[in-house]
Amino acid sequence: MDFSVHIGSLTLKNPLIAASGCFGYGVEYADTIDLSTLGGVAVKGLFLSEREGHAAPRIVETPAGMLNAIGLQGIGVRRFVDEHMPELRARRATVIVNVCGTTIDEYVEVSRILSDTEGVGAIELNISCPNIKEGGIQFGCSLTGTFDVVNAVRHVTTLPLFPKLTPNVTDVASFARAAEDAGADAVSLVNTFLAMVIDVETRRPSISNVVGGLSGPAIRPIAVRMVHECRQAVKIPIIGMGGIAEARDALEFIIAGASAVQVGTANFVDPFIWAKLLDGMTDYMRRHGLSSIGDLVGTLDAAAREAGSHA
Amino acid sequence: MPVDVSAEVIANTPLSGHYNVLALAAPAIAAAAAPGQFVMVKASRGHDPLLRRPFSVFEVLRDRRGLPLGISLLNKRVGPSTSRVYSAKAGETIACLGPLGRPFTVVEPPADAWMVAGGVGLAPFAALAEALRAREVRTTLFYGARRSEELFYLDFFRNLGVALEITTEDGSAGEQGRIVRPLERRLAARDPDDEVMVYACGPEGMLAATARAARTYDRPCEVSVERIMGCGMGGCYSCVVPMRTRSGGVHHVRSCLAGPVLRGDDISWE
Amino acid sequence: MDFSVHIGSLTLKNPLIAASGCFGYGVEYADTIDLSTLGGVAVKGLFLSEREGHAAPRIVETPAGMLNAIGLQGIGVRRFVDEHMPELRARRATVIVNVCGTTIDEYVEVSRILSDTEGVGAIELNISCPNIKEGGIQFGCSLTGTFDVVNAVRHVTTLPLFPKLTPNVTDVASFARAAEDAGADAVSLVNTFLAMVIDVETRRPSISNVVGGLSGPAIRPIAVRMVHECRQAVKIPIIGMGGIAEARDALEFIIAGASAVQVGTANFVDPFIWAKLLDGMTDYMRRHGLSSIGDLVGTLDAAAREAGSHA
Amino acid sequence: MPVDVSAEVIANTPLSGHYNVLALAAPAIAAAAAPGQFVMVKASRGHDPLLRRPFSVFEVLRDRRGLPLGISLLNKRVGPSTSRVYSAKAGETIACLGPLGRPFTVVEPPADAWMVAGGVGLAPFAALAEALRAREVRTTLFYGARRSEELFYLDFFRNLGVALEITTEDGSAGEQGRIVRPLERRLAARDPDDEVMVYACGPEGMLAATARAARTYDRPCEVSVERIMGCGMGGCYSCVVPMRTRSGGVHHVRSCLAGPVLRGDDISWE
């Protein structure tokens, strides 16, 4: 069974990537699961410097989902490179670094540092974090902002470059096109949905940052629709995510047009999910007589079943 | 190296309308668990509730030969997941991931151990008391509850040779008031040259007061904090506790990795 | 306990309205519950003429939600007025009619007919249905489209007018402003989220229309955030909805800024939900010493809890 | 006027690894239910699964004095909700809304009744057979299943005096093949002057074939259709069936209100 995925110069062993912010820096899981069995590990979003993030409470559970506003707490790209890259390399993880910035210059600088680091597999450009005031989503919600930041980073790195798109826009496909035009090797989608939970007893927001990002199975149908839309808009590969918790969910994204998928929230529920997903996908491919996962990408038969419709 | 087991419910013993003890068959977790560690429990099928919930390892259950066979949880019903744990039936299975987190430091004689528990904060102290008493550490449990009906397992601790200090908010058992009051009195009365280790688990205010009291009398103090935890594995950064930095600032540490047991002194209490 | 809500010239007995498309024409429930105990009944979207809607399957369940593409099957406004208004009046229901159109002229014509009908309480202008190709959402996704259709209908009716906004936009608050500028008496939000489910065994969409609208508890945190945003953008009342299934959910929308709320999907799960919601709200108000539900509207204390934050 | 009851599980009788019969205490529903009607069942707490699921009223359960005491469901495990119904335990409660929908027309002698069931499509026929036999209608059950182990309640029907025609796909009981084959033979053989009413419930293809056969031999035929139902009350328009209109077009009717029992002739089969 051929599960390999090729995105730009990057080869993933299989399409299953740990989603950024949901897998620490990867090293936290290194004693629990074999990191080299994952298609890739997208590490927590990194700025140039350290950040403490928001005060607790940072998450709250919602029906079939969760809201988070971590605020991109992180150790900064240099400490990451020094402290964690050696272990990730030793564990033979395929490392995708989620890059954050408050200015284009910061995105460029972080990306440049990573380009000079042995063992980084790809850069995922986080222009879609809904939880911080400056930077991020301000680029992700503007077509020229998206183009400009991707274009600027493109000029300083030959690493595979995946801008990560926000779902909080009217027409996500146009953002995928802007990213493609600016030289992206793939697009990742979706980041979380801007959302809010109120503690009615105190009449205060349930998380300290007031609003946060919604993730988990609840959002899956919206994310699948967006992947389907982007698949029709761009030629570059799509890395799909949003609520994947079972093999059928991963397959759903792949059929909708994703070449690879990421799993975030479900990893919190089950850190051993990776082998289960791969088993389920293997079983499916066997049953459907498929030998290569690539043959499944974008195979949705979307001819509307209008037979009985008489609108 | 936590494991995830589909643990069969061996028994579910109600203690009151809100509290119960759930015994789970989980030998691998039982064999590895240290006092103060926790497990992440998924008490529902389906995606609502979605996330696991953290529970302290209450007792390590052993078979007749003393081999670890499972663990029990002391559960207080407060929401959807704890309600499911409350009404779980023998024979059901519940996914249980662990053991997780940094345990208590188990002292040795001549140090005395003072465990301070508030309500369901009793949970980590059954296992800790056993470990302490196995080393023959003189151990006292300071145990505060709302009323006498919410004081559990007193005989268990007595049988281990643990001394008890009890308070209830309504005065229905022990001294009326908060548990920190007798703790402070005892701290004040104790010869500074005797070694005493203070352990605490319970509501945030009680932890802060305990840490403050221990600091006042210059006693080491470990507290087990409760934060909302998304993963229990260091993956999500939801469970942070603000710690004092040397420069006088604060630094957020993940209580699932650096804790749940932290040094009371290091925490930046509000 | 004063539960009454005033929106333009309309008075609702309480803030609980059956959401359009989730309560038939109201008459289906008339023998099961007492329609006069509801704040209002928003009937199924009506065009000028009859429509057969999409072929089955029309719905599929999703985690804590459901996807639908009914395709606005309906009997047309004239048959509604003739066949169902008499019973709704006899049952003393407060009737809100959800008005659809494929052109501005059709919206205007349907609204004019309703304005001439005794007993219609208000018009909810559906410019946000994601499930039909022509009309509806094409107005709802354009600021000028929204303004134009609301403005045109405003000129032919004095009935309270509530445009119903789509959540599938980057900035819902700007649409609320456009509606307010065009003379709306209130805005209803949210309609469903455009989404998709694929049957991985057949590689076909699970519903005949390929895409559909996501509703139910899954979307609640996004809907609450949007109500909160609109509350800060407009002065007119907001009718909030999206995933309300318990009293606390209704209260959450009200605290976020909704004067009234609608319940759709949860009515499918429990047609007797209305009394339970009102009981729960009564209990809450008693515990919080409130005598009028109006005093709760928009009382969110959203000062970010930055105390412990050191980003 | 349906009611919603929090029905206690009286008993859960497994019939096979996939089928079971769940007995529920629901006197008000039992008293009002007519053969062919259904209930909407919520088999989970929490919002996943979210919606209720439709189930035919299988048996009306009565106490010793014959008073209605509850209903039973014949359940086939195919997904999350039917899995929960399969593993429900006595003492649990399950929300049950009903009775709903348009029932079968129960004929009178001298008409004969031929009930055609495929798999779990047997569900509405226990109650229908009782009603028919109470009127002394000569009743035959045509019952097709995949294999002999998936034929249930045969003695129940025999004891009522119902004649049986059995087919299995693998030939392990009765005739090998689909149930429509013996039905067609019997229709062809029957004197056109005798009154025969055909009732059918089962997979869509079987229903269409049954309706076609009945039409060929000019017999009235009622089929109970299965559509995905959001509400069961006429609120959502999800459960539509395309019906022939006089002008040769189709019109969508809600099968929860106009059905689930519809005239086979009126349906626009694909």
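Every chain is named by a letter (A, B, C and D) in the order it is written, and numbering of its residues begins at 1.
In this section, a residue touches a chain if its C-beta (ideal position, glycine included) is under 8 Å from a C-beta of that chain, and two chains touch if they have at least 3 such contacts.
Worth saying up front: this structure is predicted, and the values here are computed from it rather than measured.
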Intersection of the contact lists for chain B and chain C: A, D
Farthest chain (mean CA position) relative to chain C: B
Whole-Å separation of chain centres (CA-atom averages), chain A against chain C: 33
Geometric centre distance via CA averages, chain B-chain A, whole Å: 36
Between chain D and chain A, distance of the C-alpha-averaged centres to the nearest whole Å: 47
Interface hub residues of chain D, defined as touching at least two other chains: 46-49, 242, 250
Residue numbers of chain C (touch at least two other chains): 52-53, 55-56, 63-65, 216-218, 307-308, 310
Chain contact graph, described as a line, ring, star, complete graph or other shape: complete
Chain A residues touching chain D - in the complex, by the definition given at the top: 63-64, 217, 307-308, 310
Residues on chain B engaged by chain D in the complex (per definition of touch): 44-49, 80, 84, 89
Footprint of chain B on chain A - complex, ascending: 21-24, 28-29, 31-32, 44, 52-53, 55-61, 63-66, 68, 70, 73, 216-218, 245, 265, 267-272
Residues of chain B touching chain C in the complex: 46-48, 242, 249-250, 268, 270
Chain C-facing residues of chain A, complex: 51-56, 62-65, 67, 71, 132, 141, 168-170, 193-198, 200, 202-205, 208-211, 214, 216-222, 224-225, 228, 243, 248, 251-252, 255-256, 284, 299-302, 304-311
